[in-house]
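Both complexes shown next keep chain A, but they swap its partner, so chain B is in the first and chain C is in the second.
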Partner chain A sequence: MLTFNVDWSGEFFAFFLLAVCAIAGAVLAVNFTKVVHTALSMAFTFVSLAGLFILLRAEFVAFVQVLLYVGAVTILMIFGIMMTKHQDEGKEAGRPLQETLAAIGCLCLFGILFYAIRSAGFPAPADPLPGDNTMAIGKELYTGYAIPFELVSVLLTVAFVGAVALAKREEAEES
Partner chain B sequence: MSMLASYLTLAAVLFCIGLYGVLTKRNAVVVLLSIELMLNAVNLNLIAFSRYGIAPSLKGQVFALFSMTVAAAEAAVGIAVLIALYRNRATVNVDEFDELRR
Partner chain C sequence: MDRYFNSPVSWGHVGIFALEAIAALAVVIVFVTYAIYFERKVIGWMQFRIGPNRTGPLGLLQTVADVAKLLLKEDTIPARADKALFILAPALAFVPSFLVLAIIPYGLHLPFADLNVGFLYYIALSGVTTIAIVVAGWASNNKYALLGGMRSAAQMISYEVPLVMSIVGVTMMTGSLNLREVVLHQTGYFWHWNFIPQILGFAVFVVAAVSELNRTPFDLPEAESELVAGYHVEYSGFRFAFFMLSEYIYMYAIACLATILFLGGWNPPFPQLDFIPGLIWFALKFAVIVFFLFWIRATLPRLRVDQLMGMAWKVLLPLAILNIFLTALGIEWWG
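Right after this comes the complex of A and B.
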C-alpha cells in the first residue's frame, strides 16, 4: 500500500519545490525565538501556498491569498508586534513536558491523517478543471452565492467595527 | 501516489505544525499566526479537492474565498483583543491571561 513511486513530471517537481518551501517556512516560524522573524517566515509560507494555488489552477484565489495573507494579515501581525513589548522573549524557562506532549499529540494526529489519506482510494477526476477561471468565479459568486457573499460582507463590517471598538483607548468616564 | 494525496499530505503537515505552534508558543502574536497557518492548510485542502476531486468544480475555490474572508476578520479581532489585553496587563504572554480562571 505504501508506495512512494511518483512520476517526476514538471508539475510534481514544481509541487515538490513549493511544498518544501512552505514546510521549511512553517518549521522555521515555529522555531524562531524573535517574533518578527516568525512573522516574516510565515509570510514566506503564505507566498509558497499562493504558488501552490496557481499550480492548482486557482489563480484568483492565489492573488487573493497574496493580497490578504501576505499583504494584510502579516502586516497586521507586524503592527501587533510593534505595539506590544517583546524584550524578554526567549528568556523564560522552557516547558519540556508540555512541549513533548504537544509534539507527540501532533505527530499522532499527523499519523492518523496520513494513514487515512493513504488508505483512501481517490478515483481520477471525471474532467479536470480548466484554467483561467476568474470570470467563472465572479459569475458564481454574484449569482449562486449572492446571499453568502452579502452575509460575509456584513460579517467583515461587524468584525472591523468591533476591532476598532476593542482597540480604542477608553476614556476615563464614570458610568 | 496521486497528486491529490500529495496535496492532502502537505496540508496535513502544515496543519500539524500550526497545531504544535498553537499548543506550545507563549507569545500571543505567534499563536495567532499559527492559527492562520492552520486555516491556510484547510484552504489548500479545499482547492486541491476542487481541482482533483471526483467532480471538479469552482465551488471549492468559492468556499476557500469565504474561508479566507472569515480568517481575515478573525485576525483583525484577534489583534484588537491582544492590544486591549496588552493595555491592561502589559504583557503578551498567554500564560498570564488567566482572569477567567481566578
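Right after this comes the complex of A and C.
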C-alpha cells in the first residue's frame, strides 16, 4: 500500500509546493488570534487551492475560485471585521479534555482518509480533456444544462432581492 | 505549459524561469520609469509648465533620482501598527500586478502563457491587490489610511462588475476568452477591430478601467485634499515605492488589455502595412492609451464620493448589459 513511486517532474514539484501552502494557510487560519490575520491566511489557502485546480487543467474553476473567494469573499470578511471590531479578543482558556478528544478525532479522520485514498484506484478518463475546456464548460452550460443554470440564476436573483429588501427595512426602522 | 509540467525539473528550467521573469521585470521597470517622466511632462505642458528638466538631459533621469531617493529614505513603521501586515501589504500588492503580465500576447510568435481564460485571469489577480490595499490601510492604524483602504475596496469591487460585463460583448463576438483568439479575430482593416462594433462596451471598459486603476477622476482612495494621501499615508521609502510600482504596472496591464481587446492587438490598421512588425503597432496603440490616461488626469476633476457608486451601478452596469443584448441581437441578425 505504501509504495510511493514519484517521478520528479515539474507537476510533482508544483503539487507539493501548493499542497504545503494550502495546509499551512489552513493551519495558520485556525491558530491566529486576530480575525484579520485569519481571513488573510484563508485567502492564502484559497489561492493555493486555485493553483491545484490549474494543475488539474481546470483553469476556469481556478480563476473563478480566486475571483470569488479571494477577491470577493475575503474582502467582504475583512470589510466586515474592520467595520465592527478593533480590539483584539483575549485568548480563551485552554480546555484540555476537549482538545485531546478533538486531536484523537482528527487523527482517526486522517487515518480513514489516508487509507481510503491509498486504496482507491483512479481510472484514467475515457476520452481526453478538450483542449479549450473553458469553451467546453460554456457550451455544456448553455445547451445540456440550460434549465438548471437558469434555475440557479433565479435563485441567486431571489437571494439578491431578499438581501436588498432586508437591508432597506433596517434602514427604514432606524429613521 | 505542459512541456514544463511533464519534463523532469532541472536547474536549467529554474534558470530559464528566473531569466524570463527578470527580463519581464526589467521591461516593466523601464516602462514605469519613463511613464512617470512622460506623465509629469505631459501634465506640465498641459498646464503651461515645463515639467522636470534638471536631472539628466531633458530631465530624463528625474525618475531614476526619485526612486534612488525613495530607496535611501528611512523606513518608518508606526509604533501602533500591525507590524507583520504592514510589511506584508506592499509585497501582496506588487506580486499579483506582476503576475498579471504573464498572459499578455504582444505578438503572434512571442512567448507568453496561452491561457484559455484570458481576461478572467487579470480580474481575478487584481482582486488580490485590493486585499493588499485594504490590509495596508488597516495595518497602518491611521484613520485616513483606513478610510482610503475602505474606499478603495468598495470602488474596486463595484467597478470590477461593469469591467467584466463590458468585455462579454468582445468574448461573444470572438467565441473565446483566449486573448490570442481575440486578436486573431480582429485581423483585417481597422474597422474590423472591436472598438467599432463594440463602441458601447469600449466606453464602459475605459471608464471602469480608469476607476480600477484609482486614477483621476476616480482617485478617491488617495484623494489628497480629503484623505492626506489615502491608504499609503504611513508608508515611506521602498514600501511606498512598491505601491506606486504596482499601480503603474496595472496601468501597463490595462493599456495592453485595451489594445488587445478593442484595438486589434498587433494587427496593423491596413493589411498593406503588414511589413511593419506587429510589436511596433502594439506599442503605438499602447502608447496612445497611456497618453489618454495622462490626458484625462490632467483635465478632469475628481468625482464626488457619493456619486461614485451610483456611477458604477446605475450608469455603467445597465450600459454594459445593454451592450450584451445588442451584441447578441447583432450576432443573431448579421451572424
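FYI, the second predicted complex is superposed on the first by the 146 of 175 C-alpha atoms of A that agree within 3 Å, B and C clash if a C-alpha of one lies under 4 Å from a C-alpha of the other, contacts with A are read in each partner's own complex, and residues count from 1 in each chain.
We take it that a contact is a pair of C-beta atoms (placed from the backbone, for glycine too) under 8 Å apart; a residue touches a chain by one contact, two chains touch by 3 or more.
Remember, it's a predicted structure, so these values are computed and weren't measured experimentally.
*Asks:* In the superposition on chain A, see if there is space for chain B and chain C together, and answer fit or clash.
*Replies:* Fit.
*Asks:* What's your read, chain B or chain C touching more residues of chain A?
*Replies:* Result: the larger residue contact count on chain A belongs to B.
*Asks:* If you stack the two complexes on chain A, which partner ends up touching A:L156: first (chain B), second (chain C), both, or neither?
*Replies:* first
*Asks:* Given the touch rule stated above, what does A:I104 touch, chain B (first), chain C (second), both, or neither?
*Replies:* neither
*Asks:* Touch check for A:A72: first (chain B), second (chain C), both, or neither?
*Replies:* In the superposition, A:A72 contacts both chain B and chain C.
*Asks:* Touch check for A:F63: first (chain B), second (chain C), both, or neither?
*Replies:* In the superposition, A:F63 touches chain C alone.
*Asks:* Contact-wise, after the overlay, does A:I137 reach chain B, chain C, both or neither (first, second, both, neither)?
*Replies:* Only chain B; A:I137 stays clear of chain C.
*Asks:* Regarding the shared-chain residue A:E11, is it in contact with chain B (first), chain C (second), both, or neither?
*Replies:* both
*Asks:* On the A-aligned overlay, A:T45 touches which partner chain: chain B = first, chain C = second, or both, or neither?
*Replies:* Once the two structures are laid over each other on A, A:T45 reaches chain B alone.
*Asks:* Give one of first, second, both or neither to describe whether A:M82 is in contact with chain B, with chain C, with both, or with none.
*Replies:* Second partner only.
*Asks:* Of all C-alpha distances between chain B and chain C after superposition, which is the least, in Å?
*Replies:* The answer for the closest chain B-chain C C-alpha pair is 12 Å.
*Asks:* Jot down the residues of chain A that show up as touching in both complexes, chain B in one and chain C in the other.
*Replies:* 11, 60, 64, 72, 79, 133
*Asks:* Quick one: which bits of chain A touch chain C in the complex? Just the residue numbers, please.
*Replies:* Touch residues, chain A against chain C: 7-11, 13-14, 34, 36-37, 40, 43, 47, 55, 59-60, 63-64, 66-67, 70-72, 74-75, 78-79, 82, 132-135.
*Asks:* Any idea which chain B residues touch chain A in the complex?
*Replies:* Counting only chain B, the residues touching chain A are 1-10, 12-21, 23-27, 29-30, 32-34, 36-37, 40, 43-44, 47-48, 50-59, 61-62, 64-66, 68-77, 79-84, 86-87, 90-93.
*Asks:* Under the stated contact criterion, what part of chain C meets chain A in this complex?
*Replies:* On the chain C side, the touching residues are 4-9, 13, 82, 84-85, 115-117, 120-121, 123-128, 130-131, 134-135, 138, 146, 150, 153, 157, 160, 175-178.
*Asks:* Mind listing the chain A positions that touch chain B in their complex?
*Replies:* Listed in rising order, the residues are 3-6, 11-12, 15, 19, 22-23, 26-27, 29-30, 35, 38-39, 42, 45-46, 49, 52-53, 56-58, 60-61, 64-65, 68-69, 72-73, 76-77, 79-81, 83-86, 89, 92, 95, 98-99, 102-103, 105-107, 109-110, 113-114, 117-118, 122-129, 133, 136-137, 140-141, 145, 148, 152, 155-156, 159-160, 162-164, 166-167, 169.
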